[in-house]
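The next block holds one structure in the form of structure tokens; read it before the comments.
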Amino acid sequence: RRLDWLTVTLLLGGVLLVYYLAPMASLFLAVPPGEVLGKMTNATVLGAASTSLLSASITTVLATLFGLPLAYWLARTDAVVKNLVLAAVILPLVLPPTVGGVVLLTVVGPNTVVGSLASTAGIPLTRSLAGVVLAQTFVASPFVVVTAKAAFEAVDPTLEYASRSLGKGRWATARNVTLPLAGPGILAGVTLAFARAMGEFGATMMLAYYPRTMPVQIWVSFVSLGLEDAYPVAIILIVVSIAALAILN
Amino acid sequence: MSLELEGLERAYSGFDLGPIDLTVDREVLSVLGPSGCGKTTLLWLIAGVLQPDAGRITLDGRSIEGLPPERRNVGLVFQDGALFPNMTVEANIAYASSDPAYAAELAELLEIEDVLDRRPQTLSGGERQRVALARTLATEPDALLLDEPLSSLDAPIRRRLRSELHDLFDTIGIPVVLVTHDQRTATALGDRITVLRGGNVEQTGPSTAVLERPATRFVADFTGNENIFEASVAARDPETVTLRVGDVRFEVAADADSGPAVGSTLTACVHPSRVRLRKPAASLDPGEALVEARVRRWLNEGDEYRVVVELEHAPLTLTATVSPPEFESLAVDAGSRLRVVVAPDAVHLITAERPDGRAGTERPRQD
Amino acid sequence: MSLELEGLERAYSGFDLGPIDLTVDREVLSVLGPSGCGKTTLLWLIAGVLQPDAGRITLDGRSIEGLPPERRNVGLVFQDGALFPNMTVEANIAYASSDPAYAAELAELLEIEDVLDRRPQTLSGGERQRVALARTLATEPDALLLDEPLSSLDAPIRRRLRSELHDLFDTIGIPVVLVTHDQRTATALGDRITVLRGGNVEQTGPSTAVLERPATRFVADFTGNENIFEASVAARDPETVTLRVGDVRFEVAADADSGPAVGSTLTACVHPSRVRLRKPAASLDPGEALVEARVRRWLNEGDEYRVVVELEHAPLTLTATVSPPEFESLAVDAGSRLRVVVAPDAVHLITAERPDGRAGTERPRQD
Amino acid sequence: RRLDWLTVTLLLGGVLLVYYLAPMASLFLAVPPGEVLGKMTNATVLGAASTSLLSASITTVLATLFGLPLAYWLARTDAVVKNLVLAAVILPLVLPPTVGGVVLLTVVGPNTVVGSLASTAGIPLTRSLAGVVLAQTFVASPFVVVTAKAAFEAVDPTLEYASRSLGKGRWATARNVTLPLAGPGILAGVTLAFARAMGEFGATMMLAYYPRTMPVQIWVSFVSLGLEDAYPVAIILIVVSIAALAILN
């Protein structure tokens, strides 16, 4: 009885933990810090970083703007179509990103109606920042919806009823009661969406190989110059991920 | 000022509430019923949190059933308070009222001044109820609804809050509807009582009338008239009905209008507090029926003893509640002999038996 | 067979339970206390669900405090039953017992035979309690623990189950510990009562003793001895102590050992059921103190009336409970004059005042 | 007041819904069914499909085997390191897959100790089925842990205490009470992990361009032969995703 049950489960699960953490440690051990830091000021790296930051920020704003209302609706409705709508939101989450790229290209690709109209108007939807944002939004925005939905659901509807029976309308209730209480969950969803947008690779490769985001830059560096050349960007992305983790906790 | 419900109906997962007709003037109506009988649904319909399927709600002459909750001016104190956890107690009350002076007055009235800067999570049950009440009163509502205001409180707090609420309701002068599953709270606070069962009104009337003259077996059981038995009518004159159970006869005061035929069988009930026990050799007051009995068992319930006796000449078991001094003077013990006294006005005849099939979700038999 | 706790301690989010010393033989011990006083924690420590920080637990001579719950053979009936929702009622009971005949016997005893094929979610509160009890008894435990067995039940069901449990405990002949916040349940079911406050034992004793001779102000209030007042000792002889409040004198039976000095001030309490009201012109039994009073208000609590009177010659307000027939014969109304009778053995002197600083999380004053 | 509040939120959120569903519909409209069905029996497509199915299955088994104990530990422990362990599990979820590929390569790449030892033993860890599984496990297994943890947490611990106070040990309790009650949540986690493994692209590209999984095949077809050539595999993956969705609901 020395070895208790919970310890046994941790030992088994520890195999996964080692598998998650050892490579991370190994990277930091393998890399000569000076050299990598030097490469970080390289123009290609800086370009990829600014493309990623800009596009992920726009994506996050779009996802929040449209995702929060949808999350609230899903949390509070008892409409029969609720489950179908929820399925539509989860579909991009389980869809492989490359497939997401393929289906998006059938709508916004250069030879489609939408794509060619936009091109004519001077806003090409592929191989452009717009294309990056379109790819990231498809893949990342469901995180806002799913996480914020759970946060809204965790707010007892009785509190909203109480607010309204005190004479406050829907909007005052949402502003003073629902949003403050759902705040931490909403922040988690927004953070997840931003992290996912920063890391998006599959759909972006299909829609917008240029301008290169950081994940695409890692791939290009790796193929053309070898693993070491991918380190600087990888380290920036790891730092961003750990920052996101810190916000999530 | 008066709150009127007419034919209010709502189908609700598994059972139907209503149709319900009730009028509440400047008084307190207690809605009493078991869990799941539709009490909370009724309040939510009046407050506008739920929409009725049919029926009208009129407050002070204006029809409010189509209005959203924020435009009804009906104050609802939710069960457990529904205080906003993201605000202090003071902010909770200020949220409801734009008048800081009035908010301060309410805080003083309800004795919550020293918790104004605390968060709702840190309050005790009794404090939470008071803050919720202060917050609702801060909106100066035209009618006040309370959902189980005293449940889940410890006894001393419940006792205190019960008498404070009684005084408060006396002074505010608006229709008050409170729902509860506790008969003591219902009678202590309500001018009138409505008993709800499976979504339907079983009986409405002044508290004493419902308690002492239950219309149905269900009301009798739920209001504590637990001595319910079948008896046959042995004789009848304009003022009394004589009931027979086994070889025992009871005289019962006859209602003017109800006329049970001699020989018919009916259901009678006696509240345990009206079954009086005497020593075997006790003397009789005039008009009292006196019956030999043997104690089957007794329970000490603290403020009173509950003594179960079996009649010697009838297949009938009666429960009597006895105060501690009385209990001691009677020297009650299992098997000991006593006399049972039941005054004519203590026995009530249950006339309006509701068919069993109409019962709602609760199934009292199995419990 | 006996269950012994020695110096049991457990630090628990915000307050400390214990050290607690208790011995329970083949009897029922009711642990009574307000919410958050550590009642559930105490049961969980005995059952082995929680580990104590210090102390010993002995069951039937063997020390069990180090054993995992499955090897203690202590039956714990959780609050709300903790029935497995993925099994039928029958499977729940079969899970606990390998003997189908005994399981069937228990189902018959507890009258749950007709719900055996149902899922726990579809049961009423009273059925759930019975199934949980049957499941626990099916393990043939050496001690039985019950967590609030009657809370959250409607009154008629609670009444019935209370007397059934009383009979059941009589027959099983093992140590039974039940915790409750309800004084009625504690006294009705317990041979002895332990009052818990903020994690510490405030008083332990036979039910009647705790109820009628509360050791502290807290116990007095919690057991319904709500008439608590300060009085000075006017005279003292071997059998009686004479108390003075204002111009009113009460005679109190003196304990052999306690000797309050003449002139000292002490705390006394009287249970409302022992404050008797008489008509203004009533005659006196020998030895009764009789005091003029005026009715301040009254509450109808259904099975009894609660009458608050102010003494005319002392700054003292007393609450009396009065049965409905008595209430009618007294013709009580606000402002009417009555006489108050308090028998010498009805007044109890609170001697062991616990310092206020030792109180736990509950703060009774604010409520 | 005709347009109620919930409808307004749905209208706003509907923008996202259209963005998720329109491309999907467009793909099915754009594709001549006969032609695509014909290509599905193509040897390349079949090879990619069998590689994906096999590797995703192995990944799911590994993730479940080690993930469930870890999830149970996380749900039931009150150890102080709990939050750190949870962070380690979420890290691969917020890490871009290409970065996952980079860090894995620093441990199992051909020039590392582990990688060269495995190669010598005849089990190369890159450009092999083993490499695919390694990449997919890193990315997909956290889904099992996170979802099963929530499922275990939703099982009231009081029920486990009740089982044990009835004389049943830890293992009997887990088998008869915890697992049956957490079952649906665990199934959801396993399904998500399988779907994620089927769709894995970024880390796989870095670790094992060969043998080609379906997402890699889409990319290769798109780059070498154009969008239409990616359709057959994309449609298979959409069908798999929708099947996963059906299980999740």
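All chains are identified by letter, namely A, B, C and D, in their written order; residue positions are counted from 1 within each chain.
Following the convention adopted for this analysis, a contact is a pair of C-beta atoms (placed from the backbone, for glycine too) under 8 Å apart; a residue touches a chain by one contact, two chains touch by 3 or more.
Values in this document were obtained by computation on a predicted structure and should not be read as measured data.
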Point to revise | Centre distance in Å when subunit C and subunit D are each reduced to the mean of their C-alpha atoms | key: 56
Review point. Taking each chain's centre as the mean position of its Cα atoms, how many Å separate subunit A from subunit D?
Key: 16
Study note, to complete from the structure: Each of the following residues of subunit D touches two or more other chains, namely none
Practice item. Send over the residues of subunit B in touch with two or more other chains. Key: none
Exercise for review: May I ask you to sort the chain touch graph into line, ring, star, complete or other?
Suggested key: ring
Practice item. Please list, in label order, each pair of chains that touches. Key: A-B, A-D, B-C, C-D
Check your understanding: Which of the residues in subunit C come into contact with subunit B in the complex?
Key -> 34-35, 111-112, 114-115, 124-127, 152-157, 159-163, 166-167, 181-184, 186-188, 207-208, 211-212, 221-224, 226, 271-274, 276, 297, 299-304, 306, 308, 321, 323-325, 343, 346, 362-364, 366-367
Review point. Mind pulling up the subunit D residues that touch subunit A in the complex?
Key: 5-6, 8-17, 19-24, 26-27, 30, 63, 65-67, 69-74, 76-77, 83, 85-92, 94-107, 109, 137-138, 141-142, 145, 170, 192, 195-196, 198-202, 205-206, 214-215, 218-219, 222, 227, 230-231, 234, 237-238, 241-242, 244-245, 248-249
Exercise for review: Would you tell me which residues of subunit A are touching subunit B in their complex?
Suggested key: 156, 158-159, 161-169, 176-177, 180-181
Practice item. Name, in rising order, each residue of subunit C that touches subunit D in their complex. Key: 44, 47-49, 68-76, 78, 82-86, 95-96, 135-136, 139
